[in-house]
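One structure coming up, written as structure tokens, with questions to follow.
Lettered A, B, C and D in written order, each chain numbered from 1.
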Amino acid sequence: MTQPAPLLAVRDLSIDLRTGSGKRRVLSDISFDLAPREIVGLIGASGSGKTILSRALVNWIEPPLEIASGQVEYKSSNILTVAPGPMRRLRREIAYVGGDPMGALDPTLPVGHQIVEKLRAVAPEIGAAEAGKRVVDLLDAVRIPSAKNRFHEYPSQFSGGMMQRALIVDALVSNPAFLVADNITQPLDVTVAAQVLRLLRELTERFDTAVFFVSSSLPVVSDVASRILVLEEGRIVEQQETKALVAHPKHPYTYELMSQIPKLWAEGAANVPASTSKDVVISVRDVCRSYTVRKRGTFAAYNTVRAVRNVTFDVLAGENFGVVGESGCGKSSMMRLLSRLELPDSGQVLCNGEDIAQLRGKDLLKFRRNFQLVLQDPFSSLPPRTAIGAILEEPLRTHGMRDKRELRHRALTVMDEVGLPSSLYEELPIGLSAGQRQRINVAQAMVLQPKVLIMDETLSSLDQTEQFKLLKLFDKLQAQYGLTYVFISHDLAMVRRVCNRVAVMYLGEIVEIAHNERLFFDPGHPYTRTLMSAVPTLEERRYRPEDYLLEGEPPSPIDLPPGCSFAGRCPNVMDRCLTQSPHLTDRGAHDMAACFLLDPATARSKDIAERVVA
Amino acid sequence: MFVLSFLVRRLLQGALIVFLVSLLIFTLLRVVPGDPVRLMAGGMAPEALIEQIAKDMGLRDPIVVQFGRYMSGVVQGDLGQSFVRPANGASTGGANFNDSTRGERAKVLDLILETLPMTLQLAGLAIVFALAFSFLVGIPGGLAPGRWPDRLAFYISSIFVSLPNFWLGIILALLLSVKLGWLPAIGYQGFAYTILPAIVLAVELSPVLIRTLSASMAGIMMEPFVAVGKVRGLSRSRIVFGHALRNASVPLLNLLGIQFSGLLGGVLIVEFIFDYPGLGLLTINAVLQRDFPLIQGIAIVTSAIFVFINIAVDLVATMIDPRLEY
Amino acid sequence: MSVIDVVPAETAEAVRSASISRRIWRLAISSNEFRVGLAVCLVLLVAAIFYPEWSGIDPTKMSVRERLIPPLFLQQGWSWAHPLGTDQIGRDMLVRSLVGLRYSFLIGVSTVMLMLYVGCSLGMIAGYYGGKIDTVIMRITDAQLSIPMIILAIAVLGVSRPTIPAIILVLGLSSWPTYARVTRSVVMTERKREYVRAAQVMGASNLRIMIRLLAPLILPPIIFVSVLDVARMMIFESILGFIGLGVQPPTPTFGNIIADGRKYLLNAWWIATMPGIFLCVTLTSINLMGAVLERARNRIHGGVS
Amino acid sequence: MPSISRRRFLTHTAALGAGAALLNVNPDFFFSSAFAQSGKPMVFLSAENITGNWDPTSHTTLSQINVQAFVMGFLTRTPMRLDNPEETVYELATSIKLLDPNTLEIKLRDDVKFHDGKPFKAEDVKATFEYGSRKDRPAQWYPGPTETLDITTPDDHTVLVNTAKGGYPAHLFVFLASYLPMMSATDIAGGPSGPLTQRLNGTGPFKFVAQRGNDTVLEANKDYFRGEPKIPGINFTFVGDATTRMLSLLNGQASIVERLEPEQVTTLEGNKNIAINSVVSVENKYLWFRCSKPPFNDPKVRMAACHAIDLAMIREVLGSAGHESYNYVSPVKFGYTDLPNYPKYDPEACQKLLAEAGFPKGKGLPDLEYITSVGFYPKTKEYGEVITGMLQEQGFPVTLTVLEPAAWNERLYDRPGGGPGHMIDCGWSTGSPEPDLVLRTHFHSSSKRITGIEDKEIDAALDKERNAPNLEERKKILQGETMPLLAEKVPALSLFTSVMIHAMQKDLAGLFIYPDGTMDASKTTFA
């Protein structure tokens, strides 16, 4: 790299982790430069040391981590050795945005005030009024609606995406020289993440800010960065210009990473079981579910959140059924209804022809046994402070098994099946990787030998390597036990890879339900296309974000606008959409979508749609 | 708008609670053995006279009827009259007898209203002392979990919780008032007389406060926004005092609200020891004399105060932390 | 847990494959603080259990002529027969303190257990079910909190002689709401965690979830905090004694030793002070152990996950 | 100005009158000096609270009797010292003569005025006697009801009391005269709910000003017939806790405190600013048996219990607060003598009697309850524990119940079917040498307050001594027949005589303390 006068120069940086029994090196001999206005990406699997490196760049290394050697040079001084006082002044030029937007600000103070506080902490010469104005302007610039009011609102009143925008404002408000963005899109929905990325690019350009962009997803990084570093177990194994790296990865690890990226449209993207059965395992019939929430600040007024609206679909035995959608679309409510954690307000969920709402006692227990759930968060889904063996035995105990030896045997068997070493039997899940934990979750579900597994975002918190391994495990288990899977996910690529049929949900409704190929190559609903335009991929997109990714987030499910609920973000919106709600329309071969574009009556519009797509 | 609806809702609930508590106390005090009339009339009074007085006072009606009568008075601000105290407010001895010639008995509400401000002054000062001390000890403890400030906080709270308040009261009065002459101690003739009893109460209050404060401080300091705050360029003192303390004050506030009823127990003893003319002294005398209307009135008033203090606490807590909703 | 992949897999490698409680114990016992606390606790325990009988001194045996003998470490007039001196009617303070420790402990611990039981169950139910049940339970809690203990005491203890069970009942019933509140708030957050949902899907009943999943998780820290309350309850008992509603003589408890000894504070300070010292030492040693155990637990369980 | 509350300052400074000039509001709100010296009132801390009904015939409460002693006048005063228990000093009376066994002639001073200005005359004595002996008056100190009295006033300063209708001797009024406060006939005419209940109106050295919370405020009576008192007034304050009272004395806020514990005496003796005053009181403390129900309806069991109790040991516990008494009245009372047959500590006799009564070694006795209070008397709980221990040693299955004063008081008296418990602790104090105020009150079947005893022999003995024609004869019967009979039947065991211990600032001089705890402060000064 031969740019003259780098903004930031990292030289031979090594960092140790002090453990009870000694030190372990977590970063070794990291060296790279960051030029002014350059966006450099860093990619690596979880545990590779990405976050540590990104924190080292902002002098945020605290025990048990310690700097072993090397320096981070900024303006010809090593920021790792700058005293706290001067460092605080320096933070004006060095900004950081993390991957936990909801935890990054004090929940008890208004967002805007905290940004002002930060600005004035690093730049005391700015007056309060001026600082306030600057923050409001910037909030406006990141397209936070009615920024002036939002300025006085609290973090809990912001959605994740909005909060991440606010944090970008927080980082850029002091006009820093460079910004470290650590996994900032990780907790966000695809469309929101894509919006945030677009924003980041715009703003850094406007402010002439250099960015060090860290992510575990190569497609995301390649979308943003001009140059990419690949980190494996604390070492940089490769660095190249983005295009070159994507085209010709040099290091085998980079190559491996790329091979694990799920494909959307390329050959061999789907790897679905040959579903032969026509038996309906689960049948969802016109199900509705709403929640009442007390209106804040009222005495007895309630809001109705219509989380699931008139949903109907069937799941066939042995198939993989996917439900996709963004947060707040009703996926989780759907999951709770399917697993009978809740009962529908109207409509029925039938399992093998029986209404599960009617099940009681023994029948219910039998249903539970056959119908298991694997949850999203590998951390909160395991009971804390319980040994793995005990976790796996608990469901068996629940179902009345008491023989200790039998319990232990069953637990060890299932651990073996999911690829957990039996030495972990007495261990706590703490310290295990997310993938290992998710295996425990799977094992916990499998120990009851169920027929149907509902995977609620099971893989979304794992990096690609882990996802890859677990998907293989799922295939194996399915082959072995003839399982039926329901995948509830926001990850189109994953759904593309494993599901026979996919339902797309938006604001509590199914807007499209189609077979895998049809959905990806001939989606019937603009929302599906929007999703596809936002999904990070290295492939050439069939639907470009410029055409489909509009600003804005889904409206609140509390005050649903009349007409089509997607109308507000739809690129093809028509007058009719604002007044009437489209129903699911058959597109043949049991594929359906709910859009007026499919209505023969609006054939002309359909032409328009097709033209847009072309 | 939020505040208003919150207040309406909570005040209604509060009124219900006070009503239920009144009912409970009313019933409880009527199942206590020891006929209050017997107490009033003296041990030597003949049974017939006792029955007569009881009937005249309506004490032989069903409890519900009595309660209804009582509550209709309460609603109009009438908590009844003391069994034993005359209108001039003297504490009276156990050995008195009923006779038709008794002077007018004191109104329970007057007795309470006269002593309540004194107790509020004492309790307020005690809370100020306790908070100041807990902050001094608890915050460093919370900022350095497992290290010496934490241990110091821990030992201090262990010692404080083991100090019986009447022991401490006497020792402090002896030391600071009698031996050193720094502070006056017995009775009340000026604000300075509040200081010693308040210190004793503060010592009683502070162990739990120290614990809560240092635990919640330690917890808050683990929150991501604290670590991120540093990277965002905020100084440590700003993070600690501007943010961590603010967050840690919510559990502390709640605790203070709860502690209020415990405080009354302490006030009782401390006021007795220091002859401090507050509600506690009134209560202990009422208890020692089995002056049921007075006990009842005090219980209802304190429970009402408790309920409303807690509403206030919750309101303040929601103002500090808008996520809370009660 | 989102940012925490910084510090991966660091668990106690040294102590593999022993059961978790044993590991916590092993880690705790390796700390000097714990050993000191344990030693002091054991000494007190052994003394309280064996010394009164072994010494053959009856704690109620009075010897009026030998009253108000100062403890050993004071200069004049002490006697080896009464290492901690005697009280106002010539009873041996050491034996009385130790027997008092027994009774006070009985009162303190049972009271706290009662409080824990009532408070945690109600708090658990309120936090778990939420909604109307929650509102009702929490308002009951408020109501209970707002009744001063002293009123409850004269009502309940006035009914019968103030026996130890009655005192435990009064103290316990008047102090449970704090626990109910704490438990409720913890349960409310835990309840939303996914493992609770997972357990439901596995067919676990609500009761089972509360007892097997939530209780073991929530109780240890609460129990740790409740040690302070054991001491507080012992002191409260002395307040009852103060107005004649405490444990009746001649049974010694810390409460009535302190309450009776108060009058002699000026010329026989040791009577009212000894139980306080015993209380402080006991409490500190228990606390010390509790704190170390809690730290060990957190280390083994890897912090606040 | 100790014990004047701030509130009072604000509202009543003016009312304090002449004295108020010296009692200015302390400008230092934060620290009003507790050590202000000149012209300050005497601050008395009482161990017991008052009733709030100022009618002297409405109560038997000691503390209020103390207040009355400052404010009210008496016909005579009886200093009741051990060496001369029968000494009588004339106060409002100038002579009291027994004209015949049923007629008493009382001559009065002519220079006395009530605080409200009304001159003190014979009509007031007549009204007081007649009102006080009414049956509905709770403090029944008088020997018989009003209709048994025939009182005439030949002139404004002579009263003749005739008791012929009642059949009891008139000399009973001699000792009572020192104990009965003289009320104004005008007040009495106002009836039982009139001015009597509202305030005290007497002829004594101090005037009643007001009751404020726990403080009773008195000011000097300038027109006192023996001369204006030296101190401007008295604050009589109820402070329930002994330690608090002592601390208050030590830091100078209180001038004098009562009912010291013996240990406090030890502490204070070393203090150069504090003086101690001990006086053997008229009060004896008793262990009362419930004589109307088993097992103590059997005199043998009562006597056995008495033999189990070592009185010397109890006095040891009490230290300087107890004085020995081997009779049912205090040694300062008329007729006291050490009874030769008074029960002594004798375990063998105890066991023998128990066996005779059918309870060898206490076997077969029901569970016995001994009730005492945490009350304001020194050492009550302590010696209660000692007695319990001693009874248990002899095999009595006794448990001790220690109650707060109100609950104890509620259980104190006899009821139909016998009072609660089996034994109860109580003291009985009457500020007069008259022994019947104890003996007849408790042991005659017409009264039997606590014991519930009904015994014809005792009744006869009590009637006999009362009806003795003169004091000499009466003393002989008391000492020779009545008291020995009581010691034989032991309806109660008198444990000891209380010693009233007061502690005061050394500079407080000229205060006389009577054996019932009342005080004469008319000559008191702050040195």
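Keep in mind that, in the parts below, a contact is a pair of C-beta atoms (placed from the backbone, for glycine too) under 8 Å apart; a residue touches a chain by one contact, two chains touch by 3 or more.
Owing to the predicted nature of the structure, the values given are computational and were not obtained by experimental measurement.
Quick check: more C-beta contact pairs in A-C or C-D?
The greater number of contacts lies at A-C.
Find the most central chain, measuring centrality by the gap between its CA centroid and the centroid of all protein CA atoms shown.
Central chain is B.
Which integer distance in Å separates the CA centroid of chain C from that of chain D?
47
Would you kindly tell me how far, in whole Å, the mean C-alpha position of chain D lies from that of chain B?
Between these chains, centre-to-centre, one finds 38 Å.
Any idea how many Å lie between the Cα centroids of chain A and chain B?
Distance between chain centres: 51 Å.
Which chain B residues reach two or more other chains?
Within chain B, the residues that touch at least two other chains are 34, 170, 174, 224, 227, 284, 287-288, 290.
So which bits of chain C are touching at least two other chains?
Residues 2-3, 158, 243, 262, 265-266 of chain C each touch two or more of the other chains.
Indicate the residues of chain A shared as contacts by at least two other chains.
Counting only residues that touch two or more other chains, chain A contributes 55, 98, 100, 103.
What part of chain A is in contact with chain C in the complex they form?
For this pair, the touching residues of chain A are 17, 19-21, 46-47, 51-52, 55, 64-65, 98-100, 103, 186-187, 336, 339-341, 364-365, 368-369, 371-373, 375-377, 379-387, 394-395, 398-399, 423, 426-428, 430-433, 441, 444-445, 448.
Taking the complex as given, what residues does chain B use to touch chain A?
1-2, 5-6, 8-9, 223-225, 227-236, 238, 242-243, 246-247, 250, 320-323, 325
Using the touch rule from the top, collect the residues of chain B that touch chain D in their complex.
Checking each residue of chain B against chain D gives 34-35, 38-39, 42-44, 47, 84-86, 88-103, 114, 170, 173-174, 177-178, 181, 184-192, 272-275, 277, 284-285, 287-290.
Within the complex, which stretch of chain D touches chain B?
1-6, 26, 28-32, 34, 48-55, 58-61, 63-64, 136-138, 191-193, 196-198, 210-214, 216, 237-241, 243-244, 247-248, 250-251, 253-254, 404-416, 449
Spell out the residues on chain B that touch chain C in their complex, using ranges where they run on.
Residue list for chain B touching chain C: 13, 16-18, 20-21, 24-25, 28-29, 31-34, 146, 154-155, 157-159, 161-167, 170-171, 174, 207-208, 211, 219, 222, 224, 227, 254, 258, 261-262, 264-265, 268-269, 283-284, 287-288, 290, 295, 298-299, 302-304, 306-307, 310.
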